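I've put the structures underneath this note.
Both of the next two complexes hold chain A, though its partner changes from chain B to chain C.
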Partner chain A sequence: MTTIEEAPRLEETTLGPKAGGLYRRQNIFTGLGFGIFLGFVGWLTAHAFLQSSNWGTDMVVTVTMVGWVVGFNVGVGTFNAPIRWLLGHDQSYEDELYAAGVGQGSKRYYKFCTDHKVVGTQYLVLVMVMFAIGGTLAMMMRTQLITSHSSFLSPDSYNAIVSIHGMLMIIATIIMVSGPFANFIMPIMVGAKDMAFPRLNAMSFWVIASALPPMLATFVLGGVDAGWTTYAPLSIQAPAAMDAFSMTMITFVVSVTVSGVNTIVTVLTMRAKGMTLGRLPIFVWGSVVGSALSIYAMPALLLGFTSMVSDRVTGTSFFVAAGGGTGWLWENIFWIFGHPEVYIILIPPVAAMMEVASTFARKPLFGYKITIAGFVAVGMLSIMVWAHHMFTTGWAPDLAGPFMLTTELISIPTGIIFLCLIGTLWKGRIWTRLPMYFVYLFLWNFIIGGVTGIYLSDVPADQYFHGDMFVTAHFHYTLLGGAMIAATAALCYWFPKVTGKMLNERVGKVSFWMIAIGIQATYFGQFWEGFQGMPRRVAYYDPIFLHANQLTSVGAYLLMAGWLVLLYAMIHSVRNGSIAPANPWHSKTLEWMVPTPVPLVNFLVDPVVTSDPYGYGEEGSEGYVSSHSPPARSEDELVPLLSSDYPISGGDR
Partner chain B sequence: MIWLVLTVAGGIMGVVAPHHLLTSLLSNDGTDVWKTMVFFTVLAAPVAAFVYSVAIYSLIGWRHRGNQDEPPEDGPPIRGNGFVTGVWLITSTVLVIVLLVWGLSVWSAQQVSHPDTLQVEVTGQQWLWTFKYPGTGVESRELVLPVNRPIEFDVSSVDVTHGFWPAALGVQVDANPNVVTVIRTTPDRVGKFTVRCSQLCGLYHSFMYAPGSVVTSDQFATWLQSQGATSSAADKEAQVSQS
Partner chain C sequence: MMRTKAPSSFSQRVDQLRRSPAFFFKSRPIGLEVSHLANLKGVTTPDHDHHLGRIRSVFNARRGVTRRVLVLPLLVLTAFALGGCQLPTFGGFRGATTQAKTESTLWSQMVILGVGVSAIVFVLIVWAVFRYRRRDENHIPRQFSENTLLEIVYTLIPCVLVGVIFYATVIAENQIDAVVGKPAEIINVTAYRWGWSFSYASSTGVSQNVLVQTAAEPKALAQSALSSEYPQLVLPAHQTVRIVLQSTDVIHGFYIPAFNFSRYAQPGVVNTFDFTTLGTGIYRGQCAQYCGLYHAEMLFSVQVVPQGTFADWLKSHQA
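Moving on to the complex of A and B:
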């Protein structure tokens, strides 16, 4: 830990350039500029050297995208410290302060900033941008499907939109809680002053930010026409957009892996005194399990997409039947990533929502330890169920039974998590503020999503429903109705801490009802289509499915309008809302014990934890943080820590 | 009380809804799908109803009423209940075993191959289906099946992965290039249906469907004969157009 006393000594002993210079001028715009420049260099190079070869467009697009990603990150400053080290210098203390955003006001949000709270806020904005794009794509699909043979979209643009909506939403939901809240809130929850690796933390954000433009570039490169699962061999034949898509995925893997390692190391090594593993708030456990699953699953995706690029660019044939490969290999690799991914999405928001449930029921969490066991068991089982996505592919019919077993076993730990949630609500003095509304909506939706998942786990029933709209409705109920609603509960809960303002709940409740009703209409319509036998990913359909589709489209418009109202409520509250007190919910976890806005080093005095944070209604429950270590700093030093323009101590090394 | 009402409501929905929502099913496997939906919904109804009724009862019974300020007192410090957890665990385990036994028995019954099976070779290509009846020389864009005779579909593809999905028959398998995948079923009712493609297969995936029908065995024999005459002509035509 860098303390004030050590700081001058650090400054004397380290080498580094003086203030000013190129290093101090980097921000998102230098990133954009250098990314475009290096992308252009890549494009020129590929053209100059590869003209004669038959690799053609795929190579050009791949090299250009590599140039963009590397260039953007060099330009924004991701590699500053490693480059310094290669040149034989270390970061000076002054550099660390600068990198943490000290004295830069709101400009630090546009820079490579190591402060975990800035990174969390950046993630929050990025996730919302992704949801806005993905939601717009969904609206375009629903507009196309409002009549059976609409001419709103051409079939190839429809396929491109289906694919990008899918994968963009998957990426957005993977980072929607592990980005904003595991960065902003989680370190404070465990009593840390920052993440374990602040620079890697900033890197994980800027790397994933640089992955978004290649994904959107697919629309002008011919469109990804193979769905978000990009099954081979269709994806091998796809237009050059597929190369940009693969580059997005590879970049995304880097970001999520780095952030997962960072989360786990932070929890293992940066906890406050007395914060034993058995006293960690449940959200911290959820983040750790989600991160561990990421570290397991992401390499499969990396392997898959590098092989995919290789097949497309260099003529290997891992997935091409004509060259001795097989599409089933791709399907296996993809789902070995793809099923844990569902729980990477789901576990952190559900864990965050259990904090909400405990706080607003004014009760301890029901079954703290079995909840953790539930998360761990779900996580472990989730790596053994991937082939239930392949029941109807014809691959290994003898494995249908075992995979049906593991899939149905997952409902046992999932049931335990449900029990803990309703056990927490039982007899609670339920405080019906907006976050609690979303907890109830989660319960409603996730039961439906879970039960319909059991139908799909049954091989004979799956033979009817696989590849049809029933599946679409099922996973939207779990991922949107479940995970995203849980994340919204968490967002409303932590909104005062993150923004310093209270959320306008009057407008928020209007949006709640629009979202709640919109979800039911949209996905009931899709279940109906699924029962009738409408395949997924079709731009045109048999008129027998018309009424169900019209219901779905109307519901989807209502749902999107609901999200926009919520967005309005948030923006309005950030601008005009009343100032939030440090602990508006009278919650007991550590993030509510620090001032709002949170000082750069989070804690003015190091907390010492004496119990778990769920002591509602218990004698002496005020004593979660019963003793403090003696203040390490004098009054004069503490005062500036309270200002939002952090003058003290930078990267926490 | 809430629980009972919700359970009954869920159970009724489970019995009634699949029948109205599912497409008209023409085979034993289709009927199995319907039975599975009913059975699972009836099993799930009490569990879902329990979760909902606890949540609703908590909201009705112990909600903090009045203004939006913090409740004056906390709830009771219930940190867990071994008995409830145990009952819950045992119930869910038993339910999972029941589901598994049900699923496996239905599944294994489907895997049995019968004598006197009619083979149909199904080939998917962008973006149409072709059905060949080995031994007869018949090749058609329409899937015609005799009622009450076991069918074996040998499914393959000439280009990308397609999904052979005659929904009304309650079976489905992918058509992969260079591989033959097999599914079996026995149509047990006469009627018309549509074969659709269930895997995104490119530009005109939406239009990849073929008409299908289950007919009496007499009608089937007549149809085969009528096709036999035309298909040899069609074969020649196809050869000409390919070259």
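Moving on to the complex of A and C:
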């Protein structure tokens, strides 16, 4: 231990007064300022030269939003390094250290910072902000629906809220684990000093952060009147808000693609000595599969929304039947993105949760290899199931059977992963701390979400339930009850490492019970509405659905209150919680072997891995060797250790 | 198998067995428990042991408990699913057309199967949650991480289930999608923002120029779908009618919950399907695909009337 304390820490380097160059002057506020400025310039230009007569048309809004996104990123410093490189002044070592946040204290959280831990924390806050906005919108919807013909919201504002709630939550759930934890935890897990491309990493955050304001701007631009799926031709006719929404989606695609590439390259090239692919913790595998899927799926979304903007702004007609296009094209493109997306959301949190299960059951992950195979199989099958969203459209009836089969087949690897999770708990010695509570809640919710998914994959049943509240209940059980609860388990698990404080479990358990009961009440209510035949996205409904809706609304309030209590527990713990030890759960993976707070380069001594990460049997022995045990090895000691366990070959170590 | 103190009653013996490490850490199947009791009484025979050994080799006794839990409900449920003619609908509609009845039966069978499988998994979870709680801080569980046979078994079981579901569904779906050569009536349904028009077009000429449309201008009427403000789709009972579905503006969903059916009305696309009605009745219908401001107001009702009444209605509505 002493060796590590005495080792010089990079973050304590004193930098020269000019280190960082322009970075010194940039932060989120210069980003906001320059974004608004360039957005205004864009508006002025478009207004004056392109569409001078008519403020707020599609052209003007699109150019304004492009101006905002580019301006914000220029202002915050996203493009500093590439521009300096183009000008022939590459960044110096000191500049890089400054960009990594050296000597800036808590100010670095408001800046373009390349440290993966800062980016992870920024993502965590962004995701919580998005959930807070999305949750508030959900509460407004549930308030409207608590009586059958409420005048709380007008139909058009209700519709706008429904659309933005949907897409905002989808974006938030896509990044809720791959943002915070794949950035903060995953590089440490593989024994890397940072992500492979730290500047791209920071870029992925600031780009997605700049996508949020256009999305909220839709409310003042007439509201996205098309649902989150924005089916054409409805979306082609929608108000100018749709242009801002499209820009949000295009910007979001850039961010997710960049971060996906970064994750994969990090895992392939930055692993520590001895960290073979077969020794990667399962969360790393989950992140890689999720990233690979997003690299497959996101281009479809980009294509779709680019064509959408083109249809709206320049008068092409890809999706307009009257102009020779077809709405089916949009449906296909959207769901070619949209179904893999569900697994982009689901796989990383589930993988993270498997770390939790293994740690607290004190047992190796059951069926490590078959679980990885399951993730890969889910990923591959998920790109072949998209048309099950189109069973009732009348598109290619002969394909209904094959798509039903692929959809049902996907339940096999999903089931295997699920049973591996139970197998991990089986005959373990389960230490029931707060993260485990959320694992149990996941197991319960995911049974319901999974089984109802099989019904929906079934063509005749889908014709009954398509477009009604049953579908809503199903995907909320999987995405909220499944993915979000798994992500919450991961959050509670990694909270001590991320914040350096222990999470207050007493308050946490109160929130757990509120969330658990809230989910069941809310979504059982929606299943009930679905059975009775209540369609989705309606601001008014027949009084025969009243009791089910009231149950749903009350459940939703309880659920939201539960999240707020959890938020309170987190804030309270960060401020007043007890200091977390480096490894409070006695886990074996590398992120728990580094001190808390984590040093800038993560490992003061390069870690060497000699076994798989789940050796709980050999308490105290070197199950998973790291810099801590023993802290300072000489090269001579390392060599036999290396040669006996794995070949030292390949450029990736 | 000697014990210092012989248990006095059956329940005590079972208790003793449950507490013995051999029971849980080797976790013998229920079948073995009985043989243990037999051992305690001293009635064991070589034959008996040999027999057990064979069972073990076939089923790998470690998973015996799980196996027992798995097999029984599956058998019961299969019997239910295959044999029952009037299955519970589990909240769904029994179905007011022949096609809907087919769907309903399939739905019931699938719910039984789904609930059965879920129940088994749920039992496993509850068992794991309560049985394997940490009791002794220093106990380190056995570090197993693989069981190839078990992994193969739980890959194969879902494969079989998927096969069964797929087969049953394809059969049902073909029945539902089948169209007859000569329907009793052809109805052109046109969806628009925000209403429906139904125009009757049978080749007999009886129903020429019969058009039913949404009467009201789009606004928040806030009434039941059965209200006369919304158009009524009138159908003859015990007849097969054809629906030809189109849309004039954006995508709509033609959804009749009691018929267990919905289909998109999409611009540029004509969707055609048949309903074979059963008894008379009145049912709610609604747009199920979000279509803009008054989506919630895009209601209609379906009225299935006796054939004579239907003919009279057609005559009275002819222009």
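The criterion applied here is as follows: the second predicted complex is superposed on the first by the 591 of 653 C-alpha atoms of A that agree within 3 Å, B and C clash if a C-alpha of one lies under 4 Å from a C-alpha of the other, contacts with A are read in each partner's own complex, and residues count from 1 in each chain.
The criterion applied here is as follows: contacts are C-beta pairs under 8 Å (C-beta built on N, C-alpha and C of every residue); 3 or more make two chains touch, one makes a residue touch a chain.
Everything numeric here is computed off the predicted structure, so don't read it as measured data.
Three-chain overlay on chain A, with chain B and chain C in a clash.
By the document's definition of touching, both partners, chain B and chain C, reach A:Gly367. Contact with neither chain B nor chain C is seen for A:Ala396 once the two complexes are overlaid on the shared chain.
By the touch criterion defined above, A:Pro543 lies against chain C but remains apart from chain B after alignment on the C-alpha atoms of chain A. Contact with both chain B and chain C is seen for A:Ala321 once the two complexes are overlaid on the shared chain.
Once the two complexes are overlaid on the shared chain, A:Met140 sits clear of chain B and of chain C alike. In the superposition on chain A, A:His586 makes contact with chain B only, while chain C stays out of contact range. Across the two superposed structures, the residue set of chain A contacted by chain B and also by chain C is 155-156, 159, 162, 225-227, 231, 233-234, 237, 321-322, 326-328, 361-370, 392-394, 397, 400-401, 404-405, 408-409, 411-412, 415-416, 418-419, 422-423, 425-432, 440, 443-444, 447, 451, 454-455, 458-461, 463-464, 466-468, 527-528, 531-533, 535-542, 614-617. Only residues 155-156, 159, 162, 225-227, 231-234, 237, 321-322, 326-328, 361-370, 392-394, 397, 400-401, 404-405, 408-409, 411-412, 415-416, 418-419, 422-423, 425-433, 440, 443-444, 447, 451, 454-455, 457-461, 463-464, 466-468, 505, 527-528, 531-533, 535-542, 585-586, 614-618, 621 of chain A touch chain B when the two sit together in their complex. Within the complex formed with chain A, the chain B residues making contact are 18, 21-23, 29-30, 32-33, 36-37, 40-41, 44, 47-48, 51-52, 54-55, 58-59, 61-64, 68, 70-71, 73-81, 84-85, 88-89, 92-93, 95-96, 99-100, 102-104, 106-107, 110-111, 155, 159-161, 163, 165, 167-168, 170-174, 176-179, 181-183, 194, 196-207, 209. Contact residues of chain A toward chain C in the complex are 148-149, 155-156, 159, 162, 225-227, 231, 233-234, 237, 321-322, 326-328, 361-370, 392-394, 397, 400-401, 404-405, 408-409, 411-412, 415-416, 418-419, 422-423, 425-432, 440, 443-444, 447-448, 451-452, 454-455, 458-461, 463-464, 466-468, 527-528, 531-533, 535-544, 614-617, 619. Of all residues in chain C, those touching chain A in their complex are 24-25, 27, 90-93, 102-103, 106-107, 110-111, 114-115, 117-118, 121-122, 124-125, 128-129, 132-136, 139-147, 150-151, 154-155, 158-159, 162, 165-166, 169-170, 172-173, 176-177, 220, 222, 224-225, 249-251, 253, 255, 257-258, 260-264, 266-269, 271, 284, 286-297.
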